[in-house]
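Heads up, the thing below is written out as structure tokens.
Order of writing sets the chain letters: A, B, C and D. Residues in each chain are counted from 1.
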Amino acid sequence: MEIRILFLGELGARFGREHVLESTEVLTVQEVRRRLGDQVEGSAAVLTRPDVRLAVDQTVVPDTALVRPDQEVAVLPIYSGG
Amino acid sequence: MEIRILFLGELGARFGREHVLESTEVLTVQEVRRRLGDQVEGSAAVLTRPDVRLAVDQTVVPDTALVRPDQEVAVLPIYSGG
Amino acid sequence: MAITALLSRDPPRAEAELQAFLNGRTGDGAVVAFVGLARDSAGGGPVTGLHLDHYAGFTERSLETIAADAGGRFPVSDIRVIHRCGDVAPGEVIVFVAVAAPHRRAAFEAADYLMDRLKTEAAFWKREDGPDGSRWIEPTDQDREDLRRWSD
Amino acid sequence: MAITALLSRDPPRAEAELQAFLNGRTGDGAVVAFVGLARDSAGGGPVTGLHLDHYAGFTERSLETIAADAGGRFPVSDIRVIHRCGDVAPGEVIVFVAVAAPHRRAAFEAADYLMDRLKTEAAFWKREDGPDGSRWIEPTDQDREDLRRWSD
């Protein structure tokens, strides 16, 4: 099973836009941040920043929220606005 | 010699838009108001109102300003705006 | 800075005016356009048409003065004002105002200011025609209050 | 009330949008349109283009939320928002916003509010490209200050 990961904006440009996190268990958003930081070289520091928010299946959620293995997680740096 | 008179807006609709005031002398705006009020039936009261302003050759002037016989006087009720 | 203020007997063509105003504009981030339309009702009653009386020459200068004042007051690049006179049917354009500026705050404020001045100080005399007759209009209390927001 | 908020890869055609928005409108006295253009410079340096990254679905919903909030907050009749994504050249339209209302104050305020929200809370990630490279943009202090004007 895999969690599909999207890095938006500058993070997509720096680390690649699409990633996959292999997982068979339910993870917290906090754990997704940590595992992604381990897996994607150079991303660990930025993934701990509170202004980098995560959306699960298109909804921004707190770090305590849960992520199932079939869900999509988007990593959202601060919006620039339009 | 004659002073050409224009009544704008509602005053034009009520009293007729164009009038002529016969005059050989220089008059004050105050005198133009009075003579017009005498000449144009029913207009005397409205011509004494301070919010009815007079323009001489396209410039709004106070009642003490002078009007020469060859000038144009416009009687301006309060603007509606656009 | 280009400031134009025109009087027109024909309805301003808002879409063509906007297109011309936008064309080739690469230094400004913001264009605000205001389109004033003749409403089909007012004060609870139907309105079948408007007549905007004007004083030729004098009315044009009142528009030019208002536009120039806006250009002097706000950091804007260009201003265009086209105001209708004569007979206006419901739904037709009465006034088109466009303001371009590097930044949006100035464009919004200048357009807002222009309309507040135009609604009270443009030299027009407006008659509303309805099924029960006609009446000549003065600025509303709201119009006067809006204008006071800009007093220095 | 019709509220539409759309994302578009193509430049919004401001003049056609305005015309469609005005067409047949007889109950509203005021239409305010805002057109946001890509500038050819920023912070003193030239800008050769913008890229507006978005998150498909999520970004559209952010636009819809902002438009709906404006519709709930101001006495307006209709709102239309069209926001660009992808690559934008200088002078091209980034955003078109139109608001119709019976009275102009509500139309101005709703358009102003929409732009303040869109400039900070629309889910875009903007990259400015110039001769010296690219940089990713955050809302300016001015943008954040503008937004605070509307906090309840």
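Observations
The rule is simple: contacts are C-beta pairs under 8 Å (C-beta built on N, C-alpha and C of every residue); 3 or more make two chains touch, one makes a residue touch a chain.
Predicted model, so just to flag it, every value in this text is computed and none were measured.
The minimum number of touch steps linking chain B to chain D comes to 2. Taking the mean of the C-alpha atoms as each chain's centre, chain A and chain D sit 28 Å apart. With centres set at the average Cα position, the gap from chain A to chain B is 77 Å. Separation between the centroids of chain C and chain D, computed from CA atoms only, is 23 Å.
Multi-chain contact residues of chain C (touching two or more other chains) are listed as 36, 119. All chain pairs that count as touching, in label order, are A-D, B-C, C-D. Listed in rising order, the residues of chain B touching chain C in the complex are 6, 8-10, 12-13, 55, 58, 74, 76-82. Residues of chain C that touch chain B in their complex: 36, 52-53, 55, 57-58, 61-62, 83-84, 94-95, 118-127, 136-139, 143.
Within the complex formed with chain D, the chain C residues making contact are 14-16, 18-19, 22, 24-41, 90-91, 93, 102-105, 107-108, 111-112, 115, 119, 142, 146.
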